[in-house]
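In the two complexes that follow, subunit A is the common piece, with subunit B as its partner first and subunit C second.
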Partner chain A sequence: MEGWAQQLINAATIGGMYTLVAIGFTLFFGVLGLINFAHGEVFMLGAFIALFATRALQGFGLTAGWLLVIAMFVIASVCCGVIGMLTERLAFKPVRNSPMLIMLITSLGVSFLLRESVKEFFPEGANPQAFPSPYMAGVVHLGGVVINYTQIALIAISIILVAMLYLLVERTWFGRSMRATAEDRDAARMMGVDIDRVIRNSFFVGSALGGIAGVMNGLYYLSIRFDMGWVMAIKGFTAAVLGGLGNVYGAAVGGYVLALLEVVIVALVPQGSQYKDVFVFLILIVVLVLRPSGIFARSARKAG
Partner chain B sequence: MSIRSIWIATTVAALCMPKALAAEYGLATNLPLTGSWANYGVGMQNSFQLAINQANASGDLGANKLRLIPGDNAGTATQAVNLATKAGADPTVMGAFCCWASEFGIATHSIYQRYNLPVILGGSNDHRSSRPFHSDAVVFRNSPYDLINMKFAAIYAAEVAKFNRIYLIDDGSAFGRTQVDEFAKVVEAKAGKDVLIGRESIAQGEKDFTPLLTRIKPLNPDLIYFGGRIIEASLMRQQMVRLGLTAPMMTSGGTFSETYIKITGDSAEGTLASFWGLPMASYPEGRGLAFEKAYKEAKFNDPYEAFGPMAYAAGEVFAQAIEATAKSGGVTRENILKQLNTQEFNTLIGNFHFDKNGMPSVIHIAIYEIKGGRWKMLYQTDPSGTELVKED
Partner chain C sequence: MPETDFISAQLADNSAADRRNILYDSIIIGAVLIALGALFVIGMSVERLAIFAGFVAGIAALGVFYARATKLRHVIIGAFSAHPTLAVVLLVVLLAAYPLALSRDPYLIHIGALAAIYVVMALGLNITLGYAGLLDIGFAVYYGAGAYASAQLAIHFGTSVWFGLLAGGLSASFFGYLVAWPALRVHDHYLGLVTLGYGLMMNLLARNLYFLTNGTDGVINIPAPSIGSHIFTEPLNLGWITLPFQANFYYVAVSLALLTAFINYRLGQSKLGRAWDAIREDEIAARCSGVDARSVKILAFSCGAFFGGIGGATYAHMIGYISPENFTFIESITILVMVVLGGAGNIIGVTIGAVALVALPERFREFDHLRLLFFGGALVLLMINRPEGLFPRRRRRRKLQPDKVAALLAQASNELVKATEIAARS
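On to the complex of A and B.
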């Protein structure tokens, strides 16, 4: 029983990161119909921006753990949000009315550009970077279950962010505009919704969440790499598809479901650790064959 | 032609002669200078460069010079193969030093053979990159391969430390799998099958091992043997400690590094490793300490790391081989090969020659443990290379 409780905590920690990345994918797909593979690199950029900010603050003598962690999240989320808006404006808006394949290729190009830029311009960017995590050593023992402070914080942050997203989507003008745009862009425009602004702000929100997930990844695994975005992009996209592409709540659930699937496979299947991705994608295919719109079977273009 | 003209012509020719006879010989590296293993690759490159610089400055080569041709394989097999081809096709390159990663040694030995370019393997522990497991006569190594290394690691685990609940994990790579296979075979032979309580493979690049370690924890292992490399080993060790898995983790050359201690932090304490190198003070006649001093004085930006001594020794071997061929039949790849097969070399790691399979006649294998944030040698092989002797 304790083993399974520990596995649930492991899944909740990883699931939070998948969820935040998946929500970004779903937001972009909802408002633009775009599968934005550059989102994985925004996740990576979040981690590197946080690292850069930490080093700068430490250089100024600011070393308090709580201050560094807050600064990491705030700076990474804002910077990634801005980067997301810029990529939308410069790369995706010009091809918005082009065939979907063009937009997909554009997203791959942006992904490549962001990844190689970090590799080239970040000091020793090609090498793995140690990531500071001030509260990693502190643990809580609940019987035989071990949970460290960082895990508690990460699980809490991801739940709070999903709750805030719910409020944003359901209770704000922006959320209504976003849902309207996802439902029918032309109708929303005729109803007075500034489509460009909605799309731009959606990119800000989705990318900011991706950046936060990058910081979480660094805090939890204590190291980051310039090429860590691609794997997370695949995982986040899978979670979004599992939950129902275009459905924000589906993405939230999809992230945790994906993490749980991975943990269960490793826990139960011999050699599961090496082949867990194979099993997970197999299950994804089965789910999509039986339920093509994902777990939450709604219209694919609905954002909420 | 007047006598004056003849004198002028003769004088000019005499002045030009030494320059015409002097030549520059390339030595190419094929190392991970960027990527996950750059900490090893850069240290090896610098050490190899140091040996070349010292050879050039010593005057032993006469008017000839050695030139380093750096090659960054970036930790990818494709690039390693490209570099091997490039070095082989360059007629000014007389020798190569490759590869650190076992997979690259396996991928490139036939390429070096195709071009008849002598290559010394630094690292590349998998036996399949070395003779007699293939017949490419250009391949030499100055450290033992995994079958030998793992034998002593297993002897330590089974007979010295007497671990009796060993869980095995490999990283799915050729290097990692073979390490664990060989370790398991010898442990089983020494201590019986029941000592091995489980085995799992992970995927390289994986970051989260908490589900796997959570599954292993109730089995109460007293040793986790990990066949893999530094990043995965570091993450695994941190997560082990975080989950309260108190058993030590044992690894080998893929992890034996100061960088491992740096990125793993306090969790590194208690990690064991078998490695084919000694502390600098343990090398004969103060050669290790001399290398350390020279490396420091050269003011490289990065430490020489665990494989630096092997790289330096490889540079010494090439320098001595080229010096000998320059004095006898001329510096060609064929003549250097002949020297490598027959000459006795005086290097940092000892005086040795290569046997018929390109293996060094002197090997060092040691068992280390991280204590107080540093690798401390516990045991090393005796001079005959047949058993482990405790370090005082």
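On to the complex of A and C.
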């Protein structure tokens, strides 16, 4: 029983990261009809930018743990948001009205560019990098279940961010114009919505969340690699597909569901950890084929 | 009447084409083909980087010149379209002469063989993506299926490699058949994601199912093919000249590539090819016109996969070693880009795309760590500037056939006369 509780806590931590990445996928798909393979690399960049910022700040003599962590999150999210906007402006905007294959290949190209740039231009970029984690030391015992401070912080951060996203989507002008764009781009334009701005802002929000997930990943695993974005991209869009591509709340739940499924598979299937990713892909295919609008869709309405 | 003007212009054009001088045309065709081959060889063998940069600039200038010089283009295209058979014969002769001319350079012959193998695979994907418009981001699955099937058959059951090639193709088309079933239910993005997930899943399985694939260790000592007593790892002795052993594989691979191109062309012209065109352009309209979209799509996946498997099997026997690293996601993307770069649906374009994407990384081997960086940048630039590929597909066109037109015109005028008579009588 305690083993399961421990696993659930781990699933909640990882699920939070999947969710944040999945929200990006679903936002981009909603406003642009694009499956952005480069989003995984933005996640990876978030971790690397945080690492770079920490090194720089420590160089300036800033050593207080909590300040460093806050700085990591702020700097990484803003930088990733800007990078996301730049990729949109430079790569996706020119191909916005092209067939889907063209956009897909463009996003693959951007993904290669970002990943290889980190590998080439970050010092020692091809090797795994140790990630600083000031909060790792503290541990809470909850009836035999061990939860460290980092996990508590990460679970809290992801829940708070999802709540903020809810407010952003439901209560603000930006959220409303974004929903309108996702529903019907041309109609939204005719109603006076500035499509370019909506897309730009969506890229900022989605990429910033992706960057935050990257920092969380670093704090949790204490090690980051230049090629970790690709795996996360697959997990992220599987989560987004689970929730129904284009459905923001679906993505928020999809991440946790995917993490839970992974935990269950590892626990129940012999040699499960070896085949964990096989099951993720299987889930992806089965959901796409049987429930293309996600597991939470009320009807079998065709998404996209 | 403008219509008759158009028809007579077409007729005049046709008879002009018939009058072309075959000697003159064959010189043009031969010159163009030799020039292309020479460019390839020079590009691959220039050592100094500065000279190579000049070479690239020269090619770019040539390309611009070709795009500008309308008259020259008409002459060249006219020569090729007037005598396609002659062009093919000359091409075959030149391809056969390639190892003879380069018998001192086994590396270039090896690259030629490798390029031919990728041409086979890219033309396979050309069926799925170019003809039927079905996005397949897991094409490396078929490559791997063919390679493993053929290699394991030869190692464990001692079957002939030639049988193995066929078996590889068939087992790959089985894998294509497998993915076709879920793929029938999804479109566009979702189809891309399904095939992507399929590719990743199969690669992971190949890494973990040790009893089938030897896991990440890979399969080693894959036997080379042989004809009679001539084993392919021995130099090819033609009597007056001895070619390095790579030439054996070169000739096999190039023959397969030519055969694949021919089958591709015939399939594109066939009734099935028209059905593929129809579902690519508008699936609903095609269904309404009686196209059985279901079986046509399954056939597209299986046929495409078949050639992927043949290519993979040839590769396995040529290199003698395969592992899951040979058919990763990057490999799928590379084959996909070969098709898109050349222009999906255009056999010549896809061939050029495949040769270029094999030759360029080999050329820049010393910058291998930067390969993906440049690849990514090139992809973005290409998609923004030439989304249809370097050589866009040309729409299917039919020339007016003079005798048929004359018959139709005669028939129409008869009917007109009859109709006037009837009208006059009543």
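Going forward, the second predicted complex is superposed on the first by the 292 of 304 C-alpha atoms of A that agree within 3 Å, B and C clash if a C-alpha of one lies under 4 Å from a C-alpha of the other, contacts with A are read in each partner's own complex, and residues count from 1 in each chain.
In this section, a contact is a pair of C-beta atoms (placed from the backbone, for glycine too) under 8 Å apart; a residue touches a chain by one contact, two chains touch by 3 or more.
Every value quoted in this text rests on a predicted model; they were computed, and no experiment measured them.
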Superposed partners subunit B and subunit C on subunit A - clash or fit: fit
Check the residue A:L282 against both partner chains and state whether it touches subunit B (first), subunit C (second), both, or neither. second
Subunit A-centred angle between subunit C and subunit B, computed on Cα centres after superposition, in steps of 10 °: 70
Is A:L86 contacted by the first partner subunit B, the second partner subunit C, both or neither? neither
One more residue to check, A:Q274. First (subunit B), second (subunit C), both or neither? both
Once chain A of both complexes is superposed, is A:V146 in touch with subunit B (first), subunit C (second), both, or neither? first
Quick one: classify A:V74 as touching subunit B (first), subunit C (second), both or neither. neither
Go through the superposed model and pick first if A:I102 touches only subunit B, second if only subunit C, both, or neither. second
Contacts for A:I195 in the overlay, against subunit B (first) and subunit C (second): which applies, first, second, both or neither? neither
Between subunit B (first) and subunit C (second), which does A:Q6 come into contact with in this model arrangement: first, second, both, or neither? first
Which partner, once the models are overlaid, touches more of subunit A's residues, subunit C or subunit B? C
Subunit B to subunit C: minimum CA distance in the overlay, Å? 6
Residue by residue on subunit A, keep only those touching subunit B in one complex and subunit C in the other, then list them. 274, 277
Subunit A partner, complex, touching residues on subunit C are 135, 137, 182, 185-186, 188-190, 192-194, 197-198, 200-201, 204-205, 208, 329, 333, 336-337, 340, 369-370, 372-373, 375-380, 383-384, 387
Where on subunit A does subunit B make contact in their complex? 3, 6-7, 10-11, 13-14, 124, 126-128, 130, 136-137, 139, 146, 148, 217, 221-223, 225, 228, 231, 262-263, 266-267, 270-274, 277
Once bound in the complex, which stretches of subunit A touch subunit C? 29, 33, 35, 90-91, 94-95, 98-106, 108-117, 119-120, 230, 234, 237, 241, 245, 274-275, 277-278, 281-282, 284-285, 288-289, 292, 304
Going by the contact rule set out above, which residues of subunit B touch subunit A in the complex? 34-36, 38-39, 74, 172, 200-203, 205-212, 214-215, 217-218, 231, 234-235, 238, 242-244, 262-263, 265-266
